[in-house]
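The structure follows.
Letters A, B and C mark the chains in the order given here, with residues in each chain numbered from 1 onward.
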């Protein structure tokens, strides 16, 4: 028995997200009276692997196969399912991110396991196994009962948090069987922005809507984001108009994010937008229309013209940073 | 070559979500049903690919798992331009059930490329495409934001953390598509609307599968506290609140 | 009785709504302000089949019923009445007139491109000294054996510049009065046709309206619609159907204003609550909605009667007269609900109010409609 966690790495490094998954699995394993095994695929050095023990992993499997350099859903699913079988895992935990969403359903089929996607917390019961998950675009939670002996979960980011529980993990090399037919896709070209904070990782997000009037007015947003180490995002009309790239669109049909702090600037707060950001811990709304619905969702509100408020806010943050 | 687009019938995105029977059942009273927005974009792109493929893509089929109530949604897909449709006559019990039913359609008809929307806007599972590919043993590419067909081969643009990758893939393949795949869903024209009823819509019985998961009940999120207003002239105060009260900076 | 729309009718309504809410909305204010004709929108609407939606598919039309037409007109008019009027004139006056009363050759030559929306039609009835009163036509179509010679001036012609197929109502035998009138299909590029300046209108400014002058314009005999002297009947019968289009347009203007008012009143706060919670506003909304529903039923009933081959002249006159009055009243209330915002362009309702006014005037003023209705009532 075990709880298996797939810990994705980014250029050989783990992220807070990985530690959150281990923390969650550790808590779950306590209830199930079992232990946590982490599975890493790709080149990660031993110190980094060992760090997973800090959050409760008692064993780390490291699969290193030259062919697993980029995500191949079929092959990754095979590796993870083989690890689950080897460890006799009863729960397999993924992040509800690009990779998790791509691979978890395939793993579930391989293990004949029921899947809960977008899990928002620990199970309310483990026998029967019932977990809360997000549904209807963040407007509600659904409690999902999984009937199968093995369960696959994808955990929504920032829905559990990080808990330290130091353990000394054993590190084990894992060599799964892979066939050529597991590799049916190949990456021809990669276009990656470096040095920028990723929207899905960001703890603070500065997001703007059509209220900015023109794509030329983004400079004060960029300055604010840079000052506080935030990622930039936008509402749907802004990406539809081509003012900003699609990747920045947050909302029901764009990205769903859950940062600690979300600035909604010149965003009226349509239901479809709120669906993508309602899990943020705190929302600050800046809007010149005092009746904008975004104020109903926000924790803090500022009524005013973004072009005046933003520079003042950036200045206030700079002052705060200087004195702290 | 044939493309299958899997569509699901979901509540209109502006629907106010309510539950009944002690929060155990989604209340469908007054709900407008639509094609899942990502599926509609996938269909739009599939049709564009067919139209510009010079005959290489012969057919675009849509398939859904649903009861008769889903038929208007299927006919809308036919009106938009799908050539034919399958409806598996059952409530879509869960993602695995749905994927298993769609797999039967793919096995029977033999599609080269299958499009699935990245998730449905109701239960947000996002699992059907991945499960379908695994059941069939097909390759899959997810988070696809563009598909092109040139010189007899498909290329896919996949969104990854902080960037994009261009991929090629061996057919048959399941592409799980997201925003960007098409700009706007295609609006059906009169001819399409008129012809929708005369296009084949084949109803097939559901194959039996295990019932892996079920929804027990629902909870609405707790009501938000009232928004605290800060004077636009006093941004120092806002920073102070974020530091001392919210403790997020 | 069956108040259920068919799946096709609902799809057409959605298609019109999607196009209007997604595309027309983008530049409607600018086109109105600068009086720019919606060329690209008309092309897109034509590709969707809206320009000849009532025409039999064998003449390249959409083959839809009049109920669908009402639904589509309402959705387009919620956003942009200028596009709606181009659609209305093309569908219910020009296409309908040629399809119903034209010869096979006329249908082949003129109806097909009109139904496909490749050409736009105009209906030339009003004159400087005779509005929609077709009995006193000063424009003459002199019988010259193999052709007619057209002379005179037509006023307030929608699609005069954008259109290329005219249906002109003119007097051939003045002594026979209205029984001497003919309806002729005229290619706009025929020598002798000139346009007056673009009319600088109060509303529907994105549609083009001009006077059209005819000086010794030769029109081949085969371009006459129907028998010699059929022109007056032709005009009256065609206008009966045209009224459904304008009534639906007025309905759309009103329901568009209501949608905006509901949304605004749910967001805007005054005295500590959203203004929709104030009875003064709430009662306005309920009155608006009730009158709109009455207008909608009149429009749909006229359409249903037309689709079922029943005489619908009185019903379409009632629909046109009532819906246009409702549009004027509702839009005025909508501006009031919006307060100061209602008086500026960005909020759309002032434009809807300007548009509403025209629906009481063109294709037969409200007063003319009342004459029509009362004549039906008192005739033996």
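Please note the rule applied: a contact is a pair of C-beta atoms (placed from the backbone, for glycine too) under 8 Å apart; a residue touches a chain by one contact, two chains touch by 3 or more.
The structure displayed is predicted, hence computed values, not measured ones.
Each chain gets a centre from the mean of its Cα atoms; the one farthest from the centre of chain B is C. Of all chains shown, B has the CA centroid lying nearest to the centroid of every protein CA atom.
When C-beta pairs in contact are tallied for each pair of chains, A-B comes out on top. As a whole-number value, the distance joining the C-alpha centres of chain A and chain B reads 21 Å.
A straight line joining the Cα centres of chain A and chain C is 54 Å long.
Rounded to whole angstrom units, the spacing between the C-alpha centres of chain B and chain C is 39.
Residue ranges of chain B in contact with chain A, taken from their complex: 11, 13-14, 17, 19, 26, 37-38, 94-96, 99, 118, 121-131, 133-135, 138-143, 145, 155-156, 159-170, 173, 176, 179-180, 183, 210-221, 224-225, 227-233, 235-236, 238-243, 246, 248-249.
Those residues of chain A lying in contact with chain C across their complex are 290-293. Taken together, the chain B residues at the contact with chain C in this complex read 72, 75-76, 79, 184-185, 187-191, 193-194, 196-197.
Within the complex formed with chain B, the chain C residues making contact are 7-8, 10-12, 14-15, 18-19, 22, 47-50, 53, 57, 61-64. Contact residues on chain C toward chain A in their complex (touch as defined above): 267-269.
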